[in-house]
Structure formats: C-alpha cells, structure tokens
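Following are the structures in question.
Each of the next two complexes has chain A plus one more chain, namely chain B in the first and chain C in the second.
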Partner chain A sequence: MELNIKYFGMLAEATATHEEQMQIETCSVAQLLEKLNHRYPKLANMDFKVAINQQLVRPDSIINSEAEIALLPPFAGG
Partner chain B sequence: MEKKKPKNVFVQGAISSDFIGNSIAKHQTKTSIGAHNIFLGQVRADQVDERTITAIEYTAYEEMANQKFYEIRESTFDKFEITCMHIYHSLGTVKAGEICLFVFVSAPRRKVVFEALEFIVEAIKADVPVFGKEIFEDQTHQWKQNSYTE
Partner chain C sequence: MNSFNPRYHRQVILPEIGISGQKKLDNAKVLVIGAGGLGCPILQYLVAAGIGTIGIIDFDIVDVSNLHRQILYGKSSLGENKALAAKKRLEDLNSDITIHAYPEKLTTKNALTLFSDYDIVVDGSDNFSTRYLVNDACIITNKPLVYGAIFKFEGQVAIFNYQNGPSYRCLFPEPPKEGSVPSCSEIGVLGVLPGIIGSMQANEVLKIILELDTSLSRKLMTYNCLTTQSVSFNINRVDTEITKVLEAAPHFENHDYDLFCGLQNIKEISAEDAFSIKTAQFIDVRESHEQPKIEKLNPLSIPLGQLQNELNTLDPEKEIIVFCQSGIRSKKAIEILLKHSFINVSHIKGGAVALNNALPDFKAVDNHSSYLKN
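== the complex of A and B ==
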C-alpha cells in the first residue's frame, strides 16, 4: 500500500522534505518511524507527534491501508 | 460521526487593525449581544543569546488545523452560552509588533465571554497544528514552541 508522508516545521527542515510517498506493508507507527529514522537520522532525536488521516495516534497504532501520515513537531499557534 | 466541512481560519500575513475594526462594526446589527471580548496575539521581539526576533513565519497542517478550529468552535458553543465567535490565524510572515491571532467572542452578558475566550485561546495553543519559525535580524532562526505559562 502507498502512504503519503508529510513533514512540517523543523521536521521538514531536518529531512529537507515536505511530502513523499512510500510503499509499505501493514505496520505499526513505531515500525514506520524506525524506517524513517533510518532514512533521516536527524529525526531520531526530535520531538514530534504522528497523525494518520489528521487524527493523532500512538506508536502502537496499526497502519493497514492507504493513508496520509503527518509528522508534527511541537505546536506554536498564536 | 458526520464531518461538516470546516471553514478556513487562516489569513495570509498579519491581521490588520482595519480588519479587526471591521469585524467589530459588523456586529452592530446583532443587538442581542451585550458583551464582546477579544484576544489579539502579537509577535514579540524576544531576545535569545543577543539576537532579536524580527518576525515569525507561520506554517500549518491546514486541513487538520481547520478541523481542530472547527472542533474548538463546536465545544465552545457546547460549554458556553455565547452568541457567536470568530477565529483568525496568520500564515506566512508576521513581523514583531504585528497581530498573528484574532479571537472574537460575543454573548448577551459579560461573564461568559471572559471564560469562553480563555478556553478558546488555550485550546488553540494546545491542539492546533500550527508551526512558527522565529526569524532573527541576522536571518538565522529557531522554532517556536508553545508553553502553558505564556
């Protein structure tokens, strides 16, 4: 299945990427992050939340269909 | 749960005093209102290690942010007896001294607007995926992070 992965703020800066597609089998959020940490070693030390289709999720959440994944650094609205 | 399409809260650049003044004027026809309360967030020229912040460049996960603004709006109407409320947030560059957030809440009587406004502003700070790049005068930058004490 294909994931659309979005990076925001300091994460977009660290990965030099705003958005990319990735082919992946069913996995947990933690397993996906492991792959992304491998691709972008800077991510490993950064603080962020993950949203699947605009809903915040925990590391043990399962990704089992095409989805938009967003990596969200600390919020700074206002 | 049915998802209504949320309206767009974002405006490009700073929020002008004209815009704010016009918003107030538009409420003169709503004569059941007896109290307005307004929060204006302004970009602060903080000093960090002898550098001064000159602007914040805002970005957002816009679809999720507008959905969150919509949820905040719904829960504010559930909790408080208000007549209406409006939220506007900047995207892009806002210079120090300019307004980046405008929250406007109105009700028949005063007490509720104080409580509702604080609820809305705290929810925006905590729940909405907006990101701020703080630009210094030498064009270096750092990333803004909301705290609960500000």
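== the complex of A and C ==
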C-alpha cells in the first residue's frame, strides 16, 4: 500500500522534504518510524507526534490501508 | 462603554454578533501572555473589537529587531517594557476598555492569582517552559487556553482546556529535548507569520466569547505561509495527563518549569548590577557588527560560534559574565562554559539592550546630541 507522508516544521528540514510517498506493508506507527529513522538518522533525535489521516495516534496504532501520515513537532516560537 | 458605540457598528450589524454579542465582548476579560510577535496582533484585534478587560503580561523590552513583526511598537518604544508600551499604544486605539499591564515574568508564584481574574488565557509566549506553565495553570484555574506557536514559515493554533476538551499536554505530554527546537531569534521568522497566527488566535477568542463555532477545540490547526496549506488534526483528551496536573496542583508554586524543560539553572545578573562589578571578565558573544557596543565593561568579543575554540583564552579562576543582544545566546554560552568546567559564570539579563538602557550617559542617543552640535 502507499502512504503519503508529510513532514512539518524542523522535520521537513531533517528530511529535506515536506512530503513523500512510500510503499509499505501493514505495520504499526512505531515500525514505520523505525524505517523512517533508518532513512533519516536525524529524525531519531527529534520529538514529534504522528497523525494518520488527520487523527493524532499512538505508536502502537496500526496502519493497514492507504493513508496520509503526518509527523508533527512542537513549536515554541511566538 | 455602551453597546451602541458607533466604533463597533460594523460588527454589531452582523446577525451573529448584534448588540447582545457586543455586550458579551464588553463583559469579557482576556489575559494575553507575551506582547511579542503573536501578542501584538492578538492584542490589536481584541482591543479593537471591544473586549472589556484585557491583561498583558511581558517582562521583555522592545528591541529594534522586534519591529519587523511586533507591530504595536515603533522607534519611540525602543527600550521600553513591552507590556507597558503595548498598553500605551492600545489605549490610543481604544480608550473605552480597561487594559492592565503586568511588566513582569509569568511565574508559578503569580500565574494562578493572575489567571483567576480572567475568563480566557491566550498564549503568545516564545518558549516551552512558559507554554507548559500556562497550560497547567489553565487546567488548575479551569480557564480555556487559546494556543498559538510558530516556527519559521509554519504556525499552529488550537483551543485547549475548553468544555472538557484536550489540553496542550494531551498533544505534547513532554517538552522536547532542550535545544532540539530553535527559537525565532536563532533561526528567524517572516514578520507576517505571527501576524496571521496571532490574528487566528484573536478570532478564536472572539468566537468563544460570542459562543460561535469553536470547533478548533479538540483540533490542532497548522498553517504554512510558503505553501499556504492549512491542515487540521484531531486531538483526543487524555484524562491521565489532566489528572496528573490537578494532582500536582498543591505544589504548583514550587514546580520548576525551566528544569522540566531541560533548562539548567543559569545565574543571571541585572544590567544595573553589571556596571558595579569590577573584577569579572565580561564576554560579548554577539557578532562583531552588532550594536550597541558596551565599551564601559571592556568586554572580550567572542561570537558564540567561536566560543568553543577560544576557551583557552579565558581564565577559569576569574568570574566570567557573558552578554549578547537580549540574553538568549548568552545562555547558550553559559551552557558551553559549564560543560567545560567553568564554574563562576553568569549572564546579563536582557543583554546589551538592557545594558545600554541601564547606562543613560553612554546611550546611543549621544549620536543625536553630537549631530545637533554639528
């Protein structure tokens, strides 16, 4: 299945992309993050939340169909 | 104020507002945390709309590098406390309302009393420790929180702690590792972005008061001003996060939010005191072109980026006092020095801006008088 992955804030800088597509089998959010950390080692040291189809989810949530995944870091600027 | 004030005519004729809506605005009390990039547009629109009572808390002073986005200030406000300078400007914008300025830092000691006097709290702060402090104080005093935050070209807006909705901790239970998220002063920000995000926050405040659509509660809205894309995410309330804050409420005053956010306890010296210290080695960690120069302190100039390599030029036996422009880079410098076993180190609160103000005889205004003489 195909995932559309969106990177927000400094995650877009760490991955040098705002958005990309990825082919993947059914997996948990944590498993997806492992793959992403492998591809982008900088991500491993960053704090962020994950959303599946605009719903914030926990690391044990399962991704089992085509979805839009968003990685959201906290901002503090004002 | 009466509800027939022609000032509000264009919003009163909206059926969604009307005279009864204007009365609600007049009766409302809103506290704005921070009168900076977000705070300025928030305050400007809330004041213009006729919110009856507005509180502004900010300890910071207006610096020239604020002016490209902090649109309540001009040349005449440089060096002034932001809460007081904002109040002055806003009272000219609308004298029919009451504005309270608190020219101080929001702390665990003053937050609960302050929040209790208001109906809604708006977060326009610029650091994680204040954001967690504001969130927790809103939970404890049961006040809705209109949140906004920015990073480079992106912003986030949400309503927290409203009608049993989620809190900031339900979204981000723990602060990020210290230093992993840079600030506007470190990486820059386009001035319009806080204008957009702050205006959105003001919009949410007005809708809460007017009992219009508040569907942004339970959502995090993100906006990217480069792509003009906006995406909203659903957030669930996490009761355990809220219970944790309520259970710790009796000890709130003693909670160290800087420590919670990984900030070390860094010794600060006021600009006024700095000039009476004769034995210390002062270090200016700004870039060489930055003004004003504080020659009276006879500082060593070592830009922050070079500090690591120049440590051997410093005497570890001597007291070291660091300053930068406003007090942010100097904190980083202290962290570097502490890591390398320099013990007697501190930095100057408010940096060169505060130093320049603390020493009127040496102010850059001198240029003006010499100009006159010529």
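Note that the second predicted complex is superposed on the first by the 74 of 78 C-alpha atoms of A that agree within 3 Å, B and C clash if a C-alpha of one lies under 4 Å from a C-alpha of the other, contacts with A are read in each partner's own complex, and residues count from 1 in each chain.
By definition in this document, contacts are C-beta pairs under 8 Å (C-beta built on N, C-alpha and C of every residue); 3 or more make two chains touch, one makes a residue touch a chain.
Computed from a predicted structure; not experimentally measured.
In the superposed model, more residues of chain A are touched by C than by the other of chain B and chain C. With both structures placed on the common chain, the touch criterion links A:G9 to chain B and to chain C. By the document's definition of touching, neither partner reaches A:K35: not chain B, not chain C. Of the two partner chains, chain B and chain C are each touched by A:Q54.
When both complexes are overlaid on chain A, the residue A:N45 reaches chain C alone and has no touch with chain B. The contact surfaces that chain B and chain C form on chain A in the two complexes overlap at residues 6, 8-10, 51, 54, 70, 72-78. On the chain C side of its complex with chain A, the touching residues are 34, 36-39, 123-128, 131, 148-152, 154-156, 171-172, 174-177, 180-184, 189, 194, 220, 222, 227, 231-236.
Here chain A touches chain C in the complex through residues 6, 8-10, 18, 45-47, 49, 51, 54-56, 70, 72-78, going by the rule given at the top.
The touching residues of chain B, when paired with chain A in their complex, are 41, 58-61, 63-65, 67, 89, 100-101, 121, 124-133, 143-146. Interface residues of chain A, counted against chain B in their complex, comprise 6, 8-10, 51, 54, 70, 72-78.
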